[in-house]
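Common to both upcoming complexes is chain A, partnered first by chain B, then by chain C.
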Partner chain A sequence: MSSYGSSNSSNNTTITPQGAPNRRNTELFLLIFAVMVPVFAYANVGLAMDGSLPAGMLGYGCGMGGLALVAHLVMRRFAPYADPLMLPLATLLNGLGLVMIWRLDKAGPLIPKNYPAASNQLMWSGLGVALFLGVLVLLKDHRILQRYTYISMAVALVLLAAPAFFPSRPEDFGAKIWIHLGGFSIQPGEFAKIILTVFFSGYLMVKRDALALASRRFMGLYLPRGRDLGPIIVIWILSILILVFETDLGSSLLFFGLFVVMLYVATERTSWIIFGLLMSAVGAVVVASFEPHVKIRVNAWLDPMAAFGPHPPAGATEQIGQSLFAFGSGGVMGTGLGQGRSWLILFATKSDFILGSFGEELGLAGLMAIFLIYGLLVQRGLRTAVAARDPFGKLLAVGLSSAFAIQVFVVAGGVTGLIPLTGMTMPFMAQGGSSVVANWALVAVLLKISDTARRPAPEPAPSPDAEATQIVRA
Partner chain B sequence: MSELTLTVMRLGFLAVLWLFVIVAVQVIRSDLFGTRVTQRAARRTAAPGSSQAARQQSARPQPQQQSRQRRGAPTQLVVVQGSLAGTTVALQGQTITLGRAHDSTIVLDDDYASSRHARIYPDQSGQWIVEDLGSTNGTYLDRQRLTAPAPLQPGMPIRIGRTVIELRK
Partner chain C sequence: MNKPIRRVSIFCMLLVLALMVRANWLQGVKAHALATDTNNKRVLYDRYAHPRGNIFLANGKPMTKSEFVNGLRFKYKQSWTDGEMYAPVTGYSSQTVGNTQIESLEDDFLSGNDDRLFFRNTLDMLTGKPKQGGNVITTIDQKAQKAAYDALKGKKGAAVAIDPTTGAILAMVSTPSYDPSKFAGQDTSAYTKYLSDPNGPMINRALKETYPPGSTFKIVTAAAMFENGAPYNNPNDRTQTPQVYMLPNTHTPLTNESKYEPCANATVLVAMEYSCNTVFAKIGHEVGKDKLAAQAEKLGFNNAKVDTPVRAAESVFPRDSDIPGTALDAIGQHNTRVTPLQMAMVASAVANNGSLMQPYMVDKEQTPDLTTISQTKPKEMSRAFSPETAQKLQTLMQGVVESSHGTGYAARIPGVTVGGKTGTAQHGENNKELPYAWFISYAKTGDTPKVAVAVVVESNEGDDRAGIAGGKLAAPVAKAIMEAVTGK
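Showing the complex of A and B:
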């Protein structure tokens, strides 16, 4: 641990600012660990399903290790002071997701509409790491993003609105959130998440004082002025519109939650949270009562077993029930990788419901570990926000980690039956190119902020009485 | 594969996963940074600065040379009363400023202190002098309000608001 700031006292309380040391070696160690765990999982699946080590084990391990090593070396060069935990955590989650997708590929015809997706996902992960490296190298300073506040708002709106204008395909399951280009399908909402956060940070950094201070006190709550309320109304309407036209409950929940969190962080006013919760509740109830797609989701959440009864109501879906069966089949310790009854889940096994397979094969113990890993990643993001010195960086770090956290909560809550199921991907784990790529970019921006925040401040200029300078306080 | 191997692998994998989580948490623990609080010999245990993030460290060895210090000269300044009671500052020939300003040597958390209240410094001969810096409520040396810089002997109480400070050998 290095300390700077002179301290020449012996027997008193001396508080010296202490910069975070460069933690790249710790990162390397954790990264090796994070690559070994999925390789172990891979071997485990092979032994369980084929009785032998999988043929691709060496190549897979080397490929993943190589990607991680390149990322690590670039970090050493371009973000030397960045947080040591985020890269290993993201690598581990991505690796576990890849193993699980490969394992579900191997289930073959047991799962309907099963097609090999692991190699594709590996390619997307590679692309994600490439974008991660691109952000690290090209984004010299996160404050540059501040210049593009309103441009990013426009870009985010275009990205969000775009899927509504593209023809949807039957395999989209009612949600219009994809753009199909040739053989690819892109989910622009995943990228809009990051870009919209940039807008929120830039906007709130400028308007935070107006939002926080120009308010009237009413019944113990600080009510914001009408003109300051404008943006929150716009975002609210926007998220409702996404909900109505694209029937994408998850994204609207994510964007609205994100905005409320960022408003609260920027203004420190509890009234915004109460306001936001009220508005989201009103919006959800209104939309749920009109939009049949959303109504089905809510009904399935209230009674997940209805579809298995003798007289299933119209539109009842078995999805939540199936994932609950999978969790139940796993128990506390799980069935073991490659030994679960993966055909319990018949729908979106590799994307939205991949947690169900993890819950079955790793059990409650494994699932809790996975949630903790997500939690640690979010914690590191929030810690970055605490450490960041500029308000824009603080808000951006809070926004990105909250977006990540809300997404994990929305998916995990939906799959476990805590909240109505919404179509979203589990960051890093679930199959889905856009999601993996966007989340790697998100982690890269967080790391860049963290690098700036943890970089030791330059030595203060020597003052005439430099030797006497010490800060003593109780 | 035998049932036993698979069971061992199943539990082993969970153990490895949890080990990773534990190692990651350990890294966070060792990664705490912010401010370093060097412990003092104090009666007050819960100093506001010693948050969880701060690491308690024992006193570091004194690296400075003992220049210009005469035999029998005071070696430390001790806060005897007030919210900072127990704080000590080693005297090494430097000027000590007292006040509520953040850059003071001793930041007084005292409602009756001015932001730049007083200073204590050695003159050419090494004699410690206390000087009031035009404070609102005054600096008292042995119940006498200071009007001019006055020489300071060990054991003489300096009162600033509710805080009492004295030099010790």
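Showing the complex of A and C:
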């Protein structure tokens, strides 16, 4: 890994020297760890909770290993030059998430309405990997996505707006981010995240010069022209609407943050960031002050222990306090897998709050490792953006990576009490079909860009002279 | 576009860094506070996640045992052998209503979370041994405890026995009592029932209840007098006491139990043997409030922090009574209030030649494999009075038991030197309520004091008022305890 890093940092040109190794063997080696670690974790849970190795261990190991192996083999064929770290990192996160969900399944009636979710999640992970493979095989070049810029916008808008028209269930706790169809639920926001990034990339690639250059200087800042401002205002209004109608603070933060980042990268103008931050701050403050759902969450963040008091404020839940207890009780070394009591969080233990279980059972040590894995995955995505040769690819890679990063921050920040809690899931780890499927697709697109970026330039046509020279040398 | 991408990448790393800093704050800096927060139910579940340590009698027999119940949230449950007998010592440890007394004060040690068990726990973790709580060895003497309990059974009262030379509490009984096993688990119906019982079985009368001490307080008044050297300096000094004593500054007459008692101008010894109110009220008035209070405070009165380690209620000798009030305070009426423990301490100071030992009931803390982690060293709480005074008080108290007309004759034990003092404490408005029967005593074999006892019995409606005298109701209980300790 280190030799890989140094060979690239010393060479920031987008053309890899000819004959550079394609790093698939590194990936395979890392994948073995990425599969073994969760399998051992699985065994650990079984030993800690039942005193014996879990019966499903072989099946789980084979399933995980099989999925990883198929993904790896398809990578060898369809994305041979892609980044070697992303697949193992995603596999590791997904595997650990599965173990934790299974462990919480075993908490049984300690969690109200607890039902076995691990096998379902394994199925969704399989589906996610299938979509991952589909993207790798069918998407010949990421630039094809550019053609669908405006269709993407329309699809993203529909996906974002859809949950507002579906009735929410009581256990959604007021956040309308699901579509409930029959037996299962979809969280369209997870897919919208990717599709919206495709739209932003396509749109900004075309408009970046107009946005960057045609601006007026005002008090040391470059302000955009009114007509260029249009789309930003639209996005801003959209994210405020999401906030108001779907009471989903997280998604709104995610989409707006994503747009500001991409705008900044496309135009290279710092003024956009200031502009964006101002707008989001105004939006957040205004909405938080009159939207009761958001207000409750902000209050719960400011005083998470108020819910335990003799006079809990209206709508207060113990969730955040319980989550903080889980982290605190885990301490530095954690209780060990299967030996914590994170089921005390009760609601959304397996989804939004799964990090609390990791914090309690793996401790600070484990949590730091998990944050590093997420950080590394994001950095590999951004590294791909640096290496990509086309502006669309760069924007797409930056967008997907930073959306991923913001999501991790918003969720982890929420459950650790760093920022107000919002209803989003920890990518790859949390229970939730939409999330795991969408994030596998996200990684697939990043890998595809990475493959294109790191693919060696085609060799110049061999000239007879050169051949002759070689023969002489030989 | 690479420059802004690099900046975005720094920004993303800052996001991750913020999460890491937060995680360190939560799981490093705040970890202990969060893990032990009162609202964190893990504290409760942890208490019963491993076999909890037990509380033992001095002879090594356990009073409690940890039962494996394998519940959903609780793996173990605490239970008691002879709960009603031992509850006043151990307190309870309940999954639902919390912990009290030793079960609460030694909770960290019993649940194995005490820092002093850290090394052991780590060693056990490495060798794969399941975690186990430490044990607490008390000073309770099984025979004395049982004798006290059996003697008090069916009555409402309390008894405390102390080893005068060390302060070790040998017995502590309160009746009616409760069985902590009955609400140690999830079912709290027994607890609610106990709480609503008008007889107050959950009250630890030995430590937490205060009573008027009645005539037993005359020992303290006598001690203050002898220390003062005035008005009388010897048990055989003849006092100047009228047959009916008018409380100073009032027209309220104070009489004795019966007009046939030879209290008028009686010697101090005779006055103590007959328990003459007139004599000691007058002495109390003459010694004065301040000297009485100073003597009482040397014996542990007016001290809110008498810890055994379970904290006893504060026994009070009032410093704010008026002059006739003080005369009544001096015979243990009016505003004087004591715990049975306090009166046992008074008896123990007399028996131990004026040296009051700090009462304690936790002898040792031991790891599950019997390594002693800490041991309580007996320590002197105060020099309550001089050995000479102690000798005089012993003469008085032995007179009470051994003289032919002494009120405490019921506590005589052949072959053992017993000193005692009865008390019949009036209480209620105009003293209408049935009185409390008291007896405090000590037993010596040879010159060695073995045990000091205080017994209080709250009389029942059925008892006839005349029959409620300390000598009748309480002295046999004290005798049973002293016999158990001295083996006679």
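Miscellaneous remarks
Everything below uses one rule, namely that the second predicted complex is superposed on the first by the 439 of 474 C-alpha atoms of A that agree within 3 Å, B and C clash if a C-alpha of one lies under 4 Å from a C-alpha of the other, contacts with A are read in each partner's own complex, and residues count from 1 in each chain.
Just so it is clear, a contact is a pair of C-beta atoms (placed from the backbone, for glycine too) under 8 Å apart; a residue touches a chain by one contact, two chains touch by 3 or more.
No experiment lies behind these values; they were computed from the predicted model shown.
By the touch criterion defined above, A:Ala161 reaches neither chain B nor chain C. Using the contact criterion defined above for the overlaid structures, shared-chain residue A:Leu382 touches chain C, although it does not reach chain B.
In the superposed model, A:Gly363 lies in contact with both chain B and chain C. Once the two complexes are laid over each other on the shared chain, residue contacts for A:Leu324 go to chain C alone; chain B is not touched.
Of the two partner chains placed around the shared chain by superposition, chain B is the only one that A:Thr26 touches, whereas chain C remains out of contact.
In the superposed pair of complexes, A:Val74 makes contact with neither chain B nor chain C.
Shared contact residues of chain A, touching chain B in one structure and chain C in the other: 12, 363, 372, 379.
Residue ranges on chain C touching chain A, taken from their complex, read 1-9, 11-13, 15-16, 18-20, 22-24, 26-28, 30-35, 37, 39-42, 45, 72-73. Interface of chain A with chain C (complex): residues 12, 108-110, 261, 264-266, 268, 305, 308, 321, 324-325, 327-332, 341, 344, 359, 363-364, 367-368, 371-372, 374-375, 378-379, 382-383, 385-386, 391, 394-395, 398, 401-402, 405-406, 408-409, 412-413, 416-418. Residues of chain B that touch chain A in their complex: 1, 5-7, 9-14, 16-18, 20-21, 23-25, 27-28, 30-31, 33-42, 44, 47-49, 54, 59-64, 76, 83-84, 87-90, 92, 94-96, 102-103, 105-107, 109.
Every residue of chain A that touches chain B in the complex is listed here, in rising order: 1, 3, 7-21, 23, 26, 30, 33-34, 36-37, 40-41, 44, 47-48, 51, 83-85, 88-89, 92, 333-337, 339, 362-363, 365-366, 369-370, 372-373, 376, 379-380, 387, 454, 465, 467-468, 470-474.
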